[in-house]
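The letters A, B, C and D name the chains in turn, as written, and every chain counts its residues from 1.
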């Protein structure tokens, strides 16, 4: 069984370590916050100017001046701080954010990522994604392994306009956990019940498979 | 009679306009604050991180955390703000400070200034002076016309290491008010009882004297 | 010295056709609602607007787009605005998309008298086209220029008669950066107080950067994505 | 996550001979007194110290100079320190003098992930020797590199257990800039409070920049130039 989006988030949450500062993108990455392992403190950074993002507000207590980068109403936690967008991207560029999780339309075997534009179809803009991928030491992509037509999104080369080059470190898809190495994609784990053969067949880029590939447990 | 340091400050104060943000250097420039014309509001910037510098504190009310760039204990005024040194020099470089007054050891006829170092004798450092002279739109120098040996400090070229180039707009010395033009020093006013001839004889750089030169009034 | 203006209409009176304007806010959060309304009423045209987003169809900069007052939009993210997309696809509207951190830092650079900055954002992408790429310590960066804008229009929570500003929560975002970057900076505030009422340790934008200030009215503060939990 | 240290001795324990250290403060205002005392006690040597000033003979960085712990001093202004002058003239101490705004901005650049900045300060002077000069819009600027320091040691007024810092008055000066610029940042504070006790709108240095924090003791806060008026 392929993972659902909650399981993808849950698996990514295992990458968290105590004291990590983490930036979570819109979509599946946002869900990671719900699966922070017990006994671990992580601090969420929202690039519109907040460290220490808390959960959604209780109904009726929403505050228009307090939103995250996805423009959702949120709350703060004890120890939060607000700052302007220059400082926010300053700390991102300076490598102070330990883990960045974001979605992707395509990832290439050398770690390039495309997630901001489909020429002629979609022009929403890159927002903060280009800054994040150009700066973060540790970028994990949450994505579906294939597009709705069944075509692989893990490619030898991206076909869409790039967001950043040679930056993705790890991919957690509905089918697998994959590390991006200097030699290409490397299969680390497979989704429960998903065969190595299926992952190979759905990965267009070079995929390294070495030894026994463990099944993820939930 | 040559001006004393208080009269130099008093004459410089006539350059102030309502609403001006002003940075006053150490020494005679500091005294300018005592002669702000009536009916005019100026805001003093201290480059260690304060806008709205007030007078010295009343004895016993001094605060070690509240000093000016000369390291003197000071006070704030209503509407003051504190900021860090990067923002302080940011506003200086961005040209937001309307008038900068500072001392000089030498000024050349093209507006170069030297005021931070005497090789082999004095090495205190430039502090914020190089940032100020490189950035300010409007720099007035308060200085003695000659050194203790009677040698002119208004030169064809500076002999000491420069603080900045082509930046001084006006000089108020004990003898004269001089504008720095593209063609050299231009005599604007003379101290009460000081002759044009004396000023000419004590100015080593090219001095332009056109028409009647008015005497300053106090 | 008087920086106090009666209202938005008076504060934006001299904004002319063809002006370049920085507008604070992120999404609909912390946007200068009063000034946008006044710009729409005034009907000034051919504007170049620099703002992180372009509002929604019927709020924020979207209101100016509807009236076709904007010639060029410089933003980082412009989704969620159908009229914007229509004008963009029809070629009526020029759009320059730049990374959000680059947008923020180009404002700061202007306010700090730094003519250009190096940033890694966009290296190897179409954002790098025509730009200088330079390597420092083995990493590549793009040279990006400070903004040069005629006006900056920002929204703050509190301000005083000297032009000092304090922002609230994430409504801070681009506002302090843009406040530093305009040749003329106009600030609308929810509450305008006398000089001395704000703690000088807590000023986000010192008054030296603010030319005009007024107390705004009738803030709607629309929420773009209302997300709540039950308990 | 624990950023809290017992005292200065513990917080600076791993500062090694030859380290490059940024030290906050302007004159004797806002200097990390506890950490300086601990560095003197520890006797660590061959340090490169980056600080706006070098203290006075018997206070601040002057204490480290007396013990000859400093190999190189990078400052903007070093007057009022006889022992400093002696070591400088005798060649025992290397000194690099840089404009104050350049010093501040090179710290900020490090904290903002900007590898280098352009500044007009020092163009045409000996500060420009060996540096790239570049013209933007007809004005010349020097290229100055971001600092790359092993440690930053700063002093704040209040801090919380997450490392968030608030400075008081002009004791802010270089502290927030250096706090952003160290590979490891150590903050000493006059009062250490629990997370949640500080207003998140008023944090000057967000905790992400601070690795270690402790509540300092026995602050002398010496005044360098006591100037008062009678009434």
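The criterion applied here is as follows: contacts are C-beta pairs under 8 Å (C-beta built on N, C-alpha and C of every residue); 3 or more make two chains touch, one makes a residue touch a chain.
As the structure is a prediction and not an experimental result, all values here were calculated from the model.
Student: If we define chain centres by averaging CA atoms, which chain lands farthest from chain C? Would you check?
Tutor: The most remote chain is B.
Student: Centroid of chain B to centroid of chain D, CA atoms only: how many Å?
Tutor: Here the centre of chain D sits 28 Å away from the centre of chain B.
Student: As a quick test, compute the distance in whole Å between the mean CA positions of chain A and chain B.
Tutor: Between these chains, centre-to-centre, one finds 56 Å.
Student: Could you please state the distance in Å, as a whole number, between where the Cα atoms of chain B are centred and where those of chain C are centred?
Tutor: The answer is 36 Å.
Student: Residues of chain A that contact two or more other chains, please.
Tutor: 76, 82-83, 86, 89-90, 92-93, 135, in rising order.
Student: Counting only residues that touch at least 2 other chains, which ones in chain C make the list?
Tutor: 105, 112-114, 119-120, 167-169, 172, 200-201
Student: Kindly provide every pair of chains that touch.
Tutor: Listed in label order, the chain pairs in contact are A-C, A-D, B-C, B-D, C-D.
Student: Considering the complex alone, what residue numbers of chain D touch chain C?
Tutor: 105, 112-120, 136-137, 139, 141, 145, 166-169, 172, 200-202
Student: Going by the contact rule set out above, which residues of chain A touch chain D in the complex?
Tutor: 18-19, 21, 41, 43, 45, 51-52, 76-83, 86-87, 89-97, 135
Student: Flag every residue of chain D that touches chain A in the complex, lowest number first.
Tutor: 1, 110-114, 160-162, 164, 180, 194-196, 200-201, 203, 206-209
Student: For the complex, which residues does chain B have touching chain D?
Tutor: Per the stated touch rule, the residues are 46-50, 55-74, 76, 82-86, 88-90, 92-93, 112, 123-131, 134-135, 161-166.
Student: Can you list the residues on chain C that touch chain A in the complex?
Tutor: 26-30, 52, 75-79, 85, 88, 95, 97, 99-105, 107-108, 119-127, 157, 167-177, 204, 221-231
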